[in-house]
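Both of the next two complexes hold chain A, though its partner changes from chain B to chain C.
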Partner chain A sequence: MSALILLTVFGIIVLYLGFANNKALLAPVAITGLVISMILSLKDWGLGSKYFHDMMIIDNFSIAFNVSMLIITILIFLFGINYYRRMEHHVAEQYALMIFALTGAFLMTSFSNLIMLFLGIEILSIPLYILAGGKKTSYRSNEASFKYFLLGSFATAFFLFGIALVYGASATFYLPEIKTYIAQFNGHLPPMVMLGLLFILIGVAFKVAVAPFHFWSPDVYEGSPTLVTAFMATVVKTAGFAAFYRLLGMGLLPLPAPLEKTLWVMTGLSLLVGNLAALNQSNFKRLLAYSAIVHTGFMMLAMLSQHDSSASVLLYYTFVYSLATVPLFIIFIHMKRASKGLEELSIFRGLYKQKPWMAVFMTILLMSLAGIPPTAGFLAKYRVFILSISRGYLAISIFAIVMAIIGIYYYFYVLREAFSESDNPNPIEISKLNAVLIVVCGVAVLLLGIFVFQIPI
Partner chain B sequence: MVALNSYITLSWLVPAFPLLGFLITGMAKNRLKNNQAGIIASILVSLSFLMSAFLFFALRSSGQESATVTLFNWIAAGDLKIPFAFLIDNLSVTMMLIVTGVGALIHIYSIGYMHGDDRVNSFFAQMNLFTFSMLLLVMGANYLILFIGWEGVGFCSYLLIGFWFKNPAFNYAARKAFVMNRIGDLGFILGIILLFFTFKSVGFTEVFSQATSMHSGTPLVTLITILLLVGAVGKSAQIPLYTWLPDAMAGPTPVSALIHAATMVTAGIYMIARSSILYNLAPLTMNIMIILGLATAIFAAVIGLRQNDIKKVLAYSTVSQLGYMFLALGLGAYSSAVFHLTTHAFFKALLFLGAGSIIHAMGGEQDIRKMGGLRKKMPVTYFTFLAATLAISGIPPFSGFFSKDLILSKAFENNPLLYILALGGALITCFYMFRLLYLVFFGSQRLSTVHPHESPRVMTFPLIILSILSVFGGFLNIPSLFGGDSRFGEFLNKSIISGITEELGSATEIGLIVSSLILLGLVILYAYRIYVKKADIPVADGVSTNIFSKAIENKFYVDEIYSAVIEKPFGSLSDFFFNKVENKVLDPAVDEVGILTSKLGNLVRKLQQGNMSFYLFAMVAGILLFIIFILIV
Partner chain C sequence: MILLIILLIPIITGLFLLVLRDPATVRIIALTSAIVNLLITLGLIISVPSASYSVNWDNFMGTQFSLGFDGISLIMLLLTNLLFPFIILSGFTRSHVQIPVLNFLILFTQSALIGVFLAQNAFLFYIFWELTLIPVYFILLLWGGENRRAITLKFFIYTLTGSLFLLFGIIFLFQLTPGLHTTDFSAFNQLHIAAHTQTWLFWVLFIAFAIKMPVFPFHTWQPSTYTMASKQGVMILAGVLTKMGIYGALRFLFPIVPQGVIYWQNTVIIMCLIGVVYASVIAFRQTNIKKLIAFSSMAHISLMAAAMFTLNYYSTQGLLFQVISHGVTIVALFYMVHLIQERTSTLELPHMGGLKLAAPNMAILLLIIVLGSIALPLTSGFVGEFLIIMGLAKLSIWFAVFGGTTMILGAVYMLYAYQRIMLGDKNPALAKVKDIRTLDYFILIPLIAIIIILGIFPQPILNLVEVSVNSMQKLLIPANEVVTLFVR
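And now, the complex of A and B:
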């Protein structure tokens, strides 16, 4: 709890630092806050503390996911030092809003009451609506913000309606109580509860961009400032899945068969639609958006194969995915700058010639996303498949493996560009810090792929 | 004992040093100037040697027989649990000392030899990578780590044989070595899989402790040992997979010394010695090894008689000596094989480095018919080369005498016929080595265009050290006959379970030694008469009329036979599959799948047009479908 309070305090401090007109201070202060928050989080390991009449339970699951999100946010802030250098105004707000979004994410990992989940999702989403429109003069950024907000509120409405229906039937918001309530029907739920549960699931599914509720994500990812996109694709997705997992594991499992089938359909659709749309994609940000939808499918697979170890598999998958995605966005930022604002895949052309190390690390990161050994991405997929196969979901596992193979095509398409010659290469400039961070991420992805470890949650 | 455990955990440093060297020289290969890469590489391998020596003393003083160092848990999948661990015992420490000791000397030598080469930095990077792989091979505590090293050394060998890749023939030689090794490796990996299948583990300790309770001649164990043997035959260049090794001489001479004489090619010997417990259970495999080893020893020696390229002579001699080691393995005298491996590492590395020094002085000339009279001009090279020649010929008290005599006496114990054949091979060895020595160093210089000179000190220093080892290396293992205590053998037998126990009577043994010495003396005299007194120079290629000598000159046409029986038929089969099956059937089919997927992708992309009302429509449609689904179905 102290971690959450401290995070909020630091968010406010960073916000007010904006008046000091000293941009150099912002990132260090914000990162300090995140690091302290991480230490405080870790101190609670194994305690399982309960707050607000058990509406929040901070257990090992929440701590593990919180720390994972903190690490990724620290990474994004470190990259932010360079990214926000050109921005004149409202830099403090960028950091502060991301920190506030993170506090919402914390609620999403530790709720045990539907109201708490709703609050978490809203606290996470509202800063994001603003962040998506961070480039105030950019037409596309405004469009992204507006689209995200409109579709997001639509989904929130469904979600809230779902909560209302479930409350109407069971007269409680507490997940464990809802669980006992559902259990008495022995799988044959009254339509009102069924609908309520469906709406709740759809609300969360929208947040993590599961097909067919994914339509917002490519447009929003493309239009938002790239660093914000990186934040959305990683931290927000991790938070969404933590909430999804908790929702199912704590309250809704075993799901009634029609609902479970619905989720499987969503899984399959995400894998299929994401992959197919990515195949001929020429915009890098959109490509990563579709790739994120495919990864959502794999995460769904891990989440639905609930088992003792599935939380740790899901954590590993989200973390490894984030660790590869963030630096890829950063490499993209540099290429975009070098090409004077283009976002096509062709801007990567000639990268190997100019910055061979960068091309090599990009290869490692893309290999990890594609799931090729010896990277961590392979191990993550491998563990998901082992889990789903051991739970007997053979058909969907085989389907997912085939989809993973298709994915290699578009990841390697990017690589082909990076390793081919360019007619008129633009000089790529990269700060020492960013270079070091990309290398660190690449090495981490390799090491995590070679040294197998498991966090017991 | 306490001391051992704390020191021995540092064993990871032994392979870490060359790995570091590889990373430094490899990554900075565009920045390092002159001899920098060589100096870095040599220092790191020397550090590795010091660390090995330290482990050796730590192990000895501890009184413990072996220690396993687990670095981390590597693979865990179902039954398969493989830790990344090193096994430190007398056998692996011996191998580590050879690999790093001889390796360090060859690295130092290479500073002089490779000086001025364009890609000298890559050379040292690859040499260090080789040393790292070889150390993994000998230190690994299970067959899988051994296999990683096994493949690693094979890969480095490929790179280094083809180091001067601009010459297509050298490239071909590299590829040949790689492909031939793959045949062996296939057997090896099948053997490992069968091992796991049988013992549910690939760790040495686990496998061997289970194997001790098995009966001799168990079919499964026999099959495992044969499959492992196939791997060893490929790597250690035995009949029928030996033809790559002579061609491997295309690489720079230090490579030949390190990889194709002292270390990599002995990996097969090491692996079988390590698996001694399994092999003791498989008499059939042991007999196969005796036959293969002896046949290779004699066959390669005969071919060596008529070779005129200085490195080719040494290459066939290596094949032949490896044959002796296999013979010893087949006889169950594993420690004798490792002892011969050790002395061979000394004198054969010395011979190759000496040959390098000669080639260096002769301006790249490798034909011994064009040399001659180098004794005066290159005294250090001459004396060290002489020491090595005496050692390999088995003249007492040089090291080769002790190790080869040990194998011969074991052969006699088994069957006097084996002894006679093995002795015959040794006599041939003696002849072609002295032929080489006389042709190169005696007489007068036959090529007037070059002016030979002694090599720089950085090259002669390793020669001197190795010659000391070649001369005195045999004293490590003085048999009881000469009042020694067979120390080296006893030392190794703590890690190896010997397959034989009986000892020869000393009278018989003295008889054997004296008779073989007399014969050796006669052979040396005979060679002297032909090549020094009569100054007979071997004729040019293709001139000799005698069918037998023609066959020897052409290496018994083995390469040609392989080409006709295997390469050509496979080539046409591959052409058929490529032109007909692949290009006409498979490729279009696969392309079609890709094109279809891509078209589908475009269809899906059309849905995403940025139109908000469509998005909302799609979302609501999805929700409606799901509602209908859950309420009705």
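And now, the complex of A and C:
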């Protein structure tokens, strides 16, 4: 809890530091806040503390996810030092809003009450609506922000309606009580509860961008400032899945058959739609947006194959995915700058010629996303498949494997561009800090793939 | 421990090469490491009856980093370490800017291949299996020929498709193991899987190997990839990578799904024999020598695959002998093709002819290699293919007839190609072609020596595989009985 409070305090401090007109100060202060918050989180490990009449339970699950999100946010802030160097105004707000979004994410990992989940989702989303429109003069950024806001509030409305329906039937917001309430019907739920649960699931599915509720994500990812996109694709997705898992694990499982079928269909659709759309993307950000939808499908697979180690696999998958995605966005930023603002896949041409090490680390990161050994991405997929196959979901596992093969095509398409010659190469400039960070991420992805461990959550 | 040393020498040398600049030093160091590895391997074969190395990797997925070997692994190990010195040596002629990177990738491939052949755990096997693909992908992408970008992508996705099904198979077997699940081969071998499961599991496992070899309907990646690949790329692909498919099939199919093997035996043999005839006929129609050799390689590999499923003593022995023989011959052939291409700057048969007059020594060496490839008696190809066809004949005389077409059609297209390259009237365009240099002798003479020596004294290799062949036979007998009971 102290971690959460401290994070809010630091968010406000960073916001006020904006008056000091000293950009160099912002990132260090923000990162200090995140690090202290991480230490405080880790101190609670194993305690399972409960707050506000059990509305929040900070157990190992939430701490593990919080720490994973903190690490990724620190990474994004470190990249932000370079990214925001060119931005003159409102830099403090960018950092502060991301921190505020993170507090929302914290609530989403530790709720045990539907109201708390709703609060978490809103606190996460509202800063994101602003961040997506961070480039005030850019047409596309405004479009992204507006689209995200409209569709996001629509989903929130669904979600809230769902909560109201469930409350109306069960007279409680508290998840364990909802669980006992549902259990007494033996799978034959009254329509009101069924509809309520469906609406709640739709609301969460929208946040994690599961097909068919994914339509916002490519546009929003494309239009938002790239660093914000990186934040949305990683931290927000992790938070969404933590919430989703907690919602199912604490309250809704075993799901009534129609709802479970719905979720399976959504899993399959995410894998299929994401892949098919990614195949003919020429814009790198859109490509990563669709690839994120495919990864959502794999995470859904891990989540729905209920097992003791599901949570741990889900954590591993989201973390590894984030660790590969963030530096890829950063490499993209550099290539975009080098090519004067283009976003096509062809901007990667000539990378190997100019910066061989960067091409090598890009290879590692893309291989991790594609799931090729010995990277962590492979191990993550392997563990998901272990779960789903040992639970006996053979058909969907085979389907997911076929989808993984299709994924390799577009990741290696990008790679192929990086290793081919360019007609008129533009000089790529990269700061030392960013170079080190990309290398660290690449090495981490490799090491996580070789040294296997499991966090008991 | 010795196995770990053999595994690590190439990759560590390779990483070291990356910091060097001078091409000559890089090549010498790479070559030395490959020769040292070959010597250690020979020492291992002669003097060490058994060795293993094992450390715990993790304690919740049942994976272990365990290396070990049997006769089949030894043959593969010998082949890999025998060929890589020549592959590295063949790069001494080209003056490229990125010699360190190229040699690093080659040595990386070697390490990964050794890993595949020594792994005693299916998960470890899979990791190494995929690892071989990555350096090969870059060798093809960066040093390949015309249209390389599209072809390498196709190659990569094609082979990875098979691999992912293999992964599914491994996980499926993993969750069948009793108690604390594990992916050790020893645990897999003791599984008793229901017959109807084996029939579909067979294909899940086999597809990866069928694509790698390649067997008839899964071969479409092969001709274009071989044709486009650089000299060293194609030598690695044809010489060693195809053998991975054979090794994998031996390791996975026979001990784990024996009833599946017996159930699908005839289907697969017929597929393979179709491949034999099909590839031979297409090879005959080729005008590009490299494509011709690619299809001829496919015909020989298809015969080996058919031998694998014949499941009797002769053919299994012939298969393992042929692994070495084919590897050496095909590497020599592809080297020769590239030599001809460098000298005449063409690969098209109609543009050649009369080369013998300008380069008599080249003509003689090529003739010996061609004869080895068409399995003339006293060359190594004869021993292997003779045993294989004998094995096929025991199963059905028709299989032997169609299998025998590799030898007959092989003689037809290879000799016809030889005639069109070397013989004929003096060709003014090729009159100034230089004959072979010293370096080429260093590569070709040892390879030819191996072809001939193994043709005359095949016994050492046959002894090496004897034990494994016997144990494989034992493995299949119970399965045989089960199936016959089932049919009755």
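Operating definition for what follows: the second predicted complex is superposed on the first by the 457 of 457 C-alpha atoms of A that agree within 3 Å, B and C clash if a C-alpha of one lies under 4 Å from a C-alpha of the other, contacts with A are read in each partner's own complex, and residues count from 1 in each chain.
Rule of thumb we're sticking to: a residue touches a chain if its C-beta (ideal position, glycine included) is under 8 Å from a C-beta of that chain, and two chains touch if they have at least 3 such contacts.
From a predicted model like this one, the values you see are computed outputs, not experimental measurements.
With chain A as the common reference, chain B cannot sit beside chain C without a clash. In the superposed pair of complexes, A:452 makes contact with chain B and with chain C alike.
Within the superposed three-chain model, A:373 lies in touch with chain C and out of touch with chain B [touch as defined at top]. Contact with chain C, but none with chain B, is seen for A:398 once the two complexes are overlaid on the shared chain. In the superposition on chain A, contact of A:419 is made with chain C only, not with chain B.
Contact with chain B, but none with chain C, is seen for A:213 once the two complexes are overlaid on the shared chain.
When the two structures are aligned on the shared chain, A:139 is found in touch with neither chain B nor chain C. When both complexes are aligned on chain A by C-alpha atoms, chain A residues 409, 452 touch chain B in the first and chain C in the second. Contact residues on chain A toward chain C in their complex (touch as defined above): 309, 367, 372-374, 378, 382-383, 385-386, 389-390, 394, 397-398, 401-402, 404-405, 408-409, 412-413, 416, 419-420, 452-454. By the touch criterion given at the top, residues 72-76, 594, 597-598, 600-605, 607-608, 610, 612, 614-616, 618-619, 621-623, 626-627, 629-631, 633 of chain B touch chain A in their complex. Chain C meets chain A in the complex at residues 57-58, 60-61, 63, 123, 126-127, 130-131, 133-134, 138, 141-142, 149, 152-153, 156-157, 160-161, 164-165, 167-168, 171-172, 174-175, 181.
Those residues of chain A that touch chain B in the complex are listed here as 147, 150-151, 154-155, 158, 191, 194-195, 198, 202, 206, 212-213, 215-216, 218-219, 256, 258-259, 261-262, 273, 275-281, 406, 409, 451-452.
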